[in-house]
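Structures for review follow.
What follows is chain A paired twice: with chain B in the first complex and chain C in the second.
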Partner chain A sequence: MIGIIRTLWLTFLHLFHKNDTVPYPETKPYLSPRYRGRIILSRDPNGEERCVACNLCAAACPVDCISLQKGEKDGRWYPEFFQINFSRCIFCGFCEEACPTYAIQLTPDFEMSEYVRQNLVYEKQDLLISGTGKYPDYSFYNVSGLAIPGKDKGEAEREAAPIDIHALLP
Partner chain B sequence: MATIHIDGEPHETRDGENLLQAVLEAGVDLPYFCWHPELGSVGACRQCAVKQFNGPDDKRGRIVMACMTPATEGAIISVSDPEAKEFRGEVVEWLMTNHPHDCPVCEEGGECHLQDMTVMTGHRARRYRFEKRTHRNQDLGPFVKHEMNRCISCYRCVRFYRDYAGGQDLAAFASHNNMYFGRAESGTLESPFAGNLIEVCPTGVFTDKQFSKTYSRKWDMRGAPSVCAHCSVGCNTIVNERAGTVRRTINRYNDEVNRYFLCDRGRYGHGYANADTRIRVVGQLIDGVHHQVPSQAAISHFATFAEDGPVIGIGSARASLETNYALRSLVGAAQFSTGLAEPAHGLTLLAADILRTTPAHTPSLHDVEQCDAVFMLGEDALSTAPRLGLSMRQATRHASFLNADRNRIPRWMDASVRMMGQDFISPLMIATPAATGLDDCAVLTQHAAPDDLARLGFAVAHLIDEAAPAVPGLTEAESTVAGRIAEALLAADKPLVVSGTQLGSAALMQAAASIAAALMVRGKPAALSLVLPDANSMGVALMGGLSLDAVCDMARDGKVGTLIVAEADLTRQLAPERVEALLGQVRHFVLIDHSESPLIERAELVLPAAPITHSGGTMVNMEGRAQRFLPVAFPEGPVEVSWRWLRDFAESIGQDDRMAWQTLDDVVAAIARELTVFARIGEAAPSEQYMLESGHIRSQTARVSGRTAIRSHISVRDQPVPPMPDSPLSPTMEGTYSTSMPGALVPYYHAPGWNSEQSLNRFQQEIGGPMRGGYPGVRLVDAAEAVWSSAHYSTDLPETFAPRDGSILLLPESRIFGSEELSALAPAIAERAEPAVVRMAGDGPSEVTLTLDGIRHRLPVLRDDSLPPGLAFYPAHMTLRAFAAPVWVSLETAEALA
Partner chain C sequence: MIVPMPIIIVVTFAAVMGVAAVSTMVERRLLGFFQDRPGPNRVGPFGMFQVVADAVKMLFKQDWVPPFADKPVFLLAPIVGFMAVLLEFGVIPITPHWSIAGDLNVGLLFVFAMMGLAVYSVVLAGWSSNNKFALLGGMRAAAQMISYEVFMGLSLLGVVMTAGSFSLHDIVLAQSRCWFVIPQFLGCIVFLIAGIAETHRLPFDLPEGENELGAGFHTEYSGMKFGMFFLAEYAGVAMISALITTLYLGGWGGPILPPFLWFAIKVVFLICFFILLRAALPRPRYDQLMSFGWKILLPVSLINIVLTGAILLWQAGA
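Moving on, here comes the complex of A and B:
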């Protein structure tokens, strides 16, 4: 008997509590920048694609939902195609952790529902954004040894000028 | 045998090993860079440091380089000693100070020996905060990509390229931190073995330029064991596939055949499997135009052809044994042709016959490397069978090994053995019409016309064994040369004679056989190696069949209703007007092939066959070794392996009782049953039911990526992967894998901690020894039971070559790149192939017009003074498709015409 009255009382008290639910989608909850939502591909500060098609995101992916093919232009590697099957993605963020160039990033956007499952397959043009995402200054080729247009051998960070092998000095 | 103690555990080692080999064979991980099982030790990288103790009482020990220290009885070493570990960690850290931050954009990443060794030593973070040295790269041609920043100066590349393969145009420049490994200036690497630099280099300095164009990480690709289809040596390869395209070919170790290295034709020849020249649809000729038809329609169409007169089948020396046998079964042995015209047909059969009757041993490539005197008679083996040429080059080192043994220097002590052995060179004697790529290591070269070479060969045989027929009318110079050759061969412990079909001369092969037999009579364990034109020439020769000339005769007599050509390009065998005549005289012409040839226009039915990357089968190499290749990619659309088309033909004409084969195993069993010479081909590789530890061996790695995304642009729904036809391997990552799997089934090399192909040492019973799982292929021809008497010596001595006025004898020159049929379709090989030129001696015109088969060809001339007068070389099959045997051609100079 006491139990029943106690429950009724507690339920009555809830009338005066603040609501936990929000009227989504009119009101949206706050999601931190580190939230693991929709995956994007970012660009470096010069506006070039950051992704170098190294395949590490695909290798790290526990559900194997990333597929890409390496292409090469003027010494720069880039993905010829890059597709993510979001109907398989579990938003674990391993791909972002594995990425050596900060190209692949997870964003606080989760509103990706589709009526047609096929539409959950995102191609490169769906993934590539025009900004740098969470890492504004990083450019992979500035720290790697490959020569690309605009950055010759020896011009990366902490690199000496190329050796002149014809010099006689030791 | 010696017993050494590694970290307190006793391990048995072989005699004459170094500590590094002993440690690796014991299954202990010890990092190394400069040591290579085939190149030996030089102690350049200081990475394999271990601690050695003088005895049980020695607690202090001393650090030694494992690769430079012999494993002696009772040696006590410690790999896990803290001081040794620290030493190795510091060495790798020091090597890494200049290594660029490149791995994501490096083709070696994921199968990099440097990555593996760095992880093995535990080096994680770079403490060195100063500048990295950089280098400019060179363009090394279509095969090899150069990125010098990544170099760790282990010297493996120059040791392989210069010391092992005899190349001249790659060298080490500059000193200390500035070390540069490259050419004097940018340009294509000249050696036909340059592609091995990719596997020899422990890091990403030399990477595969063609593979880079369609790059995929090692862990993402499906692999399957294959056999090279581009010459008769039959090197073992692993072919890699991803998303339906063939990506690359790498070496597959077979201790008896190719061991650690491939030639560039084999490494880059697979390009034909992806090329636009592939046939991918079933075509039927309707009103002079090919229309795409369903497979079933084509098969029932064949049934109507078959009612219209006898069916003749033309097989091919580049098709598998199974395909040739299926065709032979369909049409009957009396209507089956080898696909070879005279003289190639007769020569190929003769070669098989010689190998079956000669008392001499038919050597594997590894046996060739052990020989201590080599006589190459009338065959430029470096161009017709490049990997054999590389083995012959190693044979010249035999004397330096003996010298090392005398001075008690272990054979793996590479620098010392080479330095001391500079003047100890086992004789390589070359008798060919012109200079060859092996001349630099030969003690004797003789250039003459094929007939004169054969006479020289017979003269050598006579000098060795009196019972062999004498050669009348030899010049004094020739007698001297013959005397020197005979003397050198008799002085050897294991002499080898190499010849082949290149010059279209039966007398040359007979002469080689006579020399080998004569050496056997004199009690020498001689070896005889005959180079054949194509990958499965020996298989076709052992199977037997009509020559194309006989088929032409039958057609002329109206005895051919339907002609089925399986994977053969007749235009490479018959002159254009003979092809025209043959096709004009048959009522129906059916072509089964995987790549387009000029014949395709004429075929009433064109059926797409699967190339060897897409099918399973058996090929027999020039030593008579049957080897199995397995499919790595699924045949696309209507594409089927040729024998399945032929089986369906048989079914359509009601012959299905004899040819009701479902799987490759069924065909293999049928061949073994019917043809006694092939009775053992089932032993070439395990059957399709083979299971390793209760599962099929997986052909994809455990870390393959993108399984739920790779075809999601077609459909987001996952499709199960169908079983791979004719293969015991599982097509997916599901299955078993172990280092003791059969050598014939290895889909890729991987061992824990060893992601590069250096993990091979885990798969071998001993370093450089057989694979743990066995299966090096099965030898079908063994001369053990051959009965020899001097009556077997060939007495068919040719006359002295006499030059003719106004004519020259045009000899087929075999090019490493461009002559072979399938590899020539590969873009990389086509890029590397040089333009065809007539090579002639003397200060002649810059262009000649040759009249061949009634057609006048205007061709550029290259002066080559190594050729005797009256002879000229022109590449076989390059512009003159059917040119494969010496012909007399009338010669007009361009000037005379003008």
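Moving on, here comes the complex of A and C:
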């Protein structure tokens, strides 16, 4: 009996509590930078595409929503086309974890409704952004040992000159 | 001021329908506030046009009768329930001069007769639906409403004995010095609980217990036929509130403000209290409901009668 009256009183007090509801379209909720929303392709600090078309994201994707084609230019790989089918994507973020070059990133944006299902297939020009995303200073070719035009072996950041493996001296 | 009877009838019934419709919205808003959320607030200012939106939706729904249902009874059931509730309002004295039946000397008995009729609506709905959940809901409703009507009647005997009349008008007048809620406190509590059970509102909404019976007796109903059950339920809440106001809270009586306003304030307060009950309390199990009724409420109301009788006799100097 006391319990019932106490319950009634406590419920009544909730009349004067602040609402927990966020009236969504008017006030947007805060989404942290690591929120797993719309997927983008970022560029390195020089403005070049980061993606090296290694296909790891497509391999990691549990729903097979990523599809790309490798192309080659000046000894660098790049995606000739890069499609993400967002009508299949489950925003698991595995592609971001698999990516060796921080190219593919998930962003705090989820408002991507469409009236036509076909419009949910994003092409490369839809996915590419002009900036570096979450990793502002990272450039894959600057730290990798791969020789590309303008940068030979041993010239990358924190990379020692290559060892002549045919020499006898240590 | 003498108002012609047709106007009284039309205005009263329109007001009852209006209150029933608006209280659907008020209930959802209040439930929202009790749960720290705003409730329906999109349609119109403060969500006030939600009622209109709901009504339009219900009116334009397909008026469907299941092929396996007993058609005439299926159609009759919601009408019976709605009529019974509306007829109960006929004897409620809203102000000294505003009552459809006027000073009916068996007013209280008439209310009980109509409440008895309301049981038919639920049972017939459950029976004619030809659906096991609907039937279970209907049977539960029958058992619950019949047994709670017993204590409801007994709890009111104290009021009738004190006021010395079955006329609701006289009962209100008898409370001009002291509201019956004070001398008849036990009776008031029993009546309140029985009233909740009678309107099968939460926490006593076992006839429509969603998690066991789908929607209970109105599982098969849709469109405006469902709307009539819905409206009848809310009109029933307003009805029980009006009855408690009349019998225990002094009816239209009160200082300064006009009688109608006093009546409205008390009724609105009680409707909000019913909503608070819904927000706060869990639903008991069916056997708990029955044993609570027969083992606690029945003795309590009998004790109330005996005490009231003893005090009345003592005051009369017998």
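Definition applied: the second predicted complex is superposed on the first by the 143 of 170 C-alpha atoms of A that agree within 3 Å, B and C clash if a C-alpha of one lies under 4 Å from a C-alpha of the other, contacts with A are read in each partner's own complex, and residues count from 1 in each chain.
Going forward, a contact is a pair of C-beta atoms (placed from the backbone, for glycine too) under 8 Å apart; a residue touches a chain by one contact, two chains touch by 3 or more.
In this text the structure is predicted, and so the values were computed from the model without any measurement.
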More chain A residues in contact - chain B or chain C: B
First, second, both or neither for A:107, with chain B first and chain C second: neither
Chain B versus chain C as contact partner of A:42, first or second or both or neither: neither
Partner chain in contact with A:132 - chain B first, chain C second, else both or neither: neither
Partner chain(s) touched by A:11 [first = chain B, second = chain C, both, neither]: second
Doubly contacted residues of chain A, that is, touched by chain B and again by chain C: none
Residue numbers on chain C that touch chain A, as the complex places them: 30, 33-38, 276-277, 279-281
Residues on chain A engaged by chain C in the complex (per definition of touch): 4, 7-8, 10-12, 14-15, 17-21, 23
Partner chain A, residues of chain B touching it in the complex: 100-105, 109-110, 129-137, 147, 149-150, 173-176, 178, 180, 212-217, 219-220, 243, 703-710, 712-713, 715-717
In the complex with chain B, residue positions of chain A that touch it: 52-56, 58-59, 61, 63-70, 72, 77, 81, 83-85, 87-88, 100-101, 117-118, 120-121, 123, 140, 143-147, 153-154, 158-163, 165, 167, 170
